[in-house]
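After the structure tokens below, expect a handful of questions from me.
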């Protein structure tokens, strides 16, 4: 049965299920590691719950990165996406569980053999500048994103979108060239949020500095010295109103300074990305004025083998390296314990993770590693080259790996460099190993990372059987069959030792004690509309 | 001047200068450590032991404690001496020779040569050296020799500028005019009169630059482009230790003191040399 | 004075050559760096395929060749158009202009701090050669060159912000010089202090290394001048000591110091790259580093062009000053 023949109601369920799988983290499995307030001096959760939320106040946040621009059609940066989601309103949003929930659109249905979707807009909604949110604004926004002159790096999120048509001011239709199951992945992100056409026309290229949408906060100002200042949009209609009056977001590129600003009370929170340095978790934990929340991330760090080079193409050498490395040691030394051991090609927090890989790894055994190397005829004196990016935890991990390989007689030269360079140099296939890092919410990541034509593939394996499985996983929409394919892929990858899984880092956010109702989501974001400040 | 007389003059001067002796002693010590580093280090500087992690300094086996990756800091400081001194000596040596030669040439010979060299100087100067180093490192990839190249490129210029200015001034002095009038060749004037005259300035700059280069390596490490692991360097150790200043200050203190002692030694000795050899100071 | 005009004209022509040359070399070099802006954008974006990247490359004009593009660039630069940033999609001139004042004023205060400390330090150590003061002065100077700016900055933050709560840890809250005007007008120190306190730690961290270098240079220049005939003669004539030191000696010793101060503008900007990172200072130093990281070619070119123009102009001023201070120097 093809997607076009599916009943629109069933197709809708399929698309929603896709998003849920895409977002949902496996809460049950993480119970032991879940949200944990660290300090014993904190009020108990019951006490905290008893307080009634207070309105007002200014919340100051420090982050390691700053958005490049807040024009959703001109960025692909994660920190820009999460920031824009505060200012701009998409047609639909996703809740922490990955459920599609109404936003600017209050209802929708598929038609034309599931090739079109009709959105019914919420009535009486305006943008921050007073312009009404109507079908014309949706058409304008989608056309702008698809326009070649815009050069949007995220056009691909729209999938096979053909055109957008306004039926009447409250009704808009998105026409696709074929049924598009991952439709919600892009449409619920701020990259595809609806923009005020009047503001875009007025601001032109400065729109990225003064974005105007219909989100819960409006942008007041954004300058390099004062940072980004947001104020609550009191006419917000698409969800609960935020508690705080204003949010100020400031960039602190240096870890020590960011933490100092939090400890000295200049800011009240640090979150997003790697804003809380894992090295500092220990000292922050002992600070009574700070509370930490941690959660496993949908990230993995692994050693990826370049199999176009000898002797790495020998499975015995790969197994030797596997057994020469103790991931627990990497975690203790390089991350101060703030990670869990990884076992497969995917982090365990991605739905679709196959727990069977946990039985497939090889134990840490340097003696066995040495024996394997001898058996492969490379003995001691083997020289290998590793490329990694230059973030501190990655560099430290590489140094620990380097030290462990030395114990079995392998000399590893480590080259760490900025990520842009890593991406290109690893493509040249002149390295033996690459300290691979990725963060992704969906098992579909296996395709770009491992398929022979995958855009992120760096192991240079050409394995037709594996490719076939990966291709099949992309078009299979029966959930059980798809999972079976994912299981087989993960087990194949581990059996052939295509990489050595190292660890899954924890996501950590740190807030001052006065900040209440901090909820760390699986995508490492905190919903600032729910946060309130106690006095 | 006969060499022995020269030596004895230096020896006499040294005996009378506490500064000179202290400086020489420190410089010698640092050089010895750099040469004999592998013999002196109590442990393998790359060895990581869980129980050495954040070990406080003071124990007999680990005098300076352990770092965040469980390595012996004393051993790393000792082996790092070799890296940091090698970079500093190579960079300052190359830069001062190239820079001084071009500077003297430019200042004394003048004309087209002066114009060309000075444009080259302007070129380098108008370009913040850290930016230049960043781009060079990005093109060639991080590594020891890239680091040396990236630091020589901006540093020779300081020598050239200062030496040229001095050469211009010296060239105006009466005795140079006199020398020229009695037919002393240009090359001889440059080597025999201009260079000795600018030597004090070169020494001051070079001594300052040794510390500067060590610190520049730290700055590049701060930006993630220093000496690549597992090779320890003082700058790299400081850069790595900055995140732990509150919990494990010894990670920064040890390499910091090493840089300080080196800088003190070389500056004291440089002062002494300059005071001894400055021809203008001696005449009176 | 005709020769002076000729000298000035020649220097201006040289300056233009240098600026164009630097911009060209940087444009060429940055393109040799592995990875283009699209690679960097796609690095964190597993959904982006190679085909998506090529489309974006074409749309951004990355597939154009270097030389014609450079010609067009120069033509635009003359009219003040330095291109649009690939990363921030805004005119690079706007990005630079909103950050330049922060860096310029930080450099100004750092230079002021360093001269205020280095000159007396240099003079005293020169006068009391081999005395206790000389030793202490030497130690301070050496300390200055031995401590990386970023380390000093972080230590300052830990002491003065985290422990003592005296100063803000980081950030920039407007020009202190402008605030000084307001303070003088209103007679209240508050506007000035509110801006100036943000300058204290980054300014001092940036000035520390310069102070060391300037103190050493002042000392060595002074030592030399103090032994010259005219100074000895003045002393012999019975001119008071401080007049000899300040009128005769320091005035002559200042020539090499002025030379080096001109050169230090480059050093300041290098230092600013680090200090701006530590203190979250919104200046062009960090902008330049980020533009290299992002392979934002127009922004790299623009930051380098602007800093080169600034440097060249300021050094032209130093050169003129130099001629005025020491008329003996005749440019060939």
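Each chain gets a letter, A, B and C, in the order it is written, and its residues are counted from 1.
Heads up, the rule we're going with is that a contact is a pair of C-beta atoms (placed from the backbone, for glycine too) under 8 Å apart; a residue touches a chain by one contact, two chains touch by 3 or more.
Everything numeric in this text was worked out from a predicted model, so none of it was measured.
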Practice item. Could you tell me which chains make contact with subunit A and subunit C both? Key: B
**Study point:** Central subunit by CA centre of mass proxy
**Key:** C
**Study point:** Most extensive contact between chains (C-beta pair count)
**Key:** B-C
Point to revise | Chain whose mean Cα position lies farthest from subunit C | key: A
Practice item. State, to the nearest whole Å, the distance from the C-alpha centre of subunit A to the C-alpha centre of subunit C. Key: 39
**Study point:** Centre-of-Cα separation between subunit B and subunit A, whole angstrom
**Key:** 46
Check your understanding: What is the distance in Å between the mean C-alpha positions of subunit B and subunit C?
Key -> 22
Revision key, fill the gap. Touching two or more other chains in subunit A are residues 256, 418, 421, 425
Practice item. Going through subunit C residue by residue, note those that touch at least 2 other chains and give them in order. Key: 33, 150, 154, 158, 277
Review point. What positions in subunit B touch 2 or more of the other chains?
Key: 138, 242, 245-246
Point to revise | Residue numbers on subunit A that touch subunit B, as the complex places them | key: 255-256, 277, 279-280, 282-283, 329, 332-334, 336, 390, 392, 395-396, 398-400, 402-403, 406, 413-418, 421, 425
Check your understanding: Along subunit B, where are the residues that touch subunit C in the complex?
Key -> 17, 19, 110-111, 114-115, 118-119, 122-123, 125-131, 134-136, 138-139, 154, 157-158, 161-162, 165-166, 168-169, 172, 200-201, 204, 208, 211-212, 214-215, 218-219, 222-223, 235, 238-239, 242, 245-246, 252, 256, 259-260, 262-264, 267-268, 271, 274-275, 278, 280-281, 284
Point to revise | Interfacial residue positions of subunit B with respect to subunit A in the complex | key: 46-48, 50, 53, 68-70, 138, 141-143, 224-225, 228-230, 242-247
Check your understanding: Across the complex, what residues on subunit C touch subunit B?
Key -> 14-15, 17-19, 21-22, 26, 29-30, 32-33, 129-130, 138-139, 141-143, 145-151, 154-155, 158, 209, 212-213, 216-217, 220, 223-224, 227-228, 232, 255-256, 259-260, 263, 266-267, 269-271, 273-274, 277, 285, 288-289, 292, 304, 307-308, 311-312, 315, 328-329, 332
Practice item. Please give the residue numbers of subunit C that touch subunit A in the complex, ascending. Key: 33-35, 38-50, 52-53, 55-56, 59-60, 84, 87-91, 98-99, 102, 150, 154, 157-158, 161-162, 165, 168-174, 277-280, 282, 286, 293-295
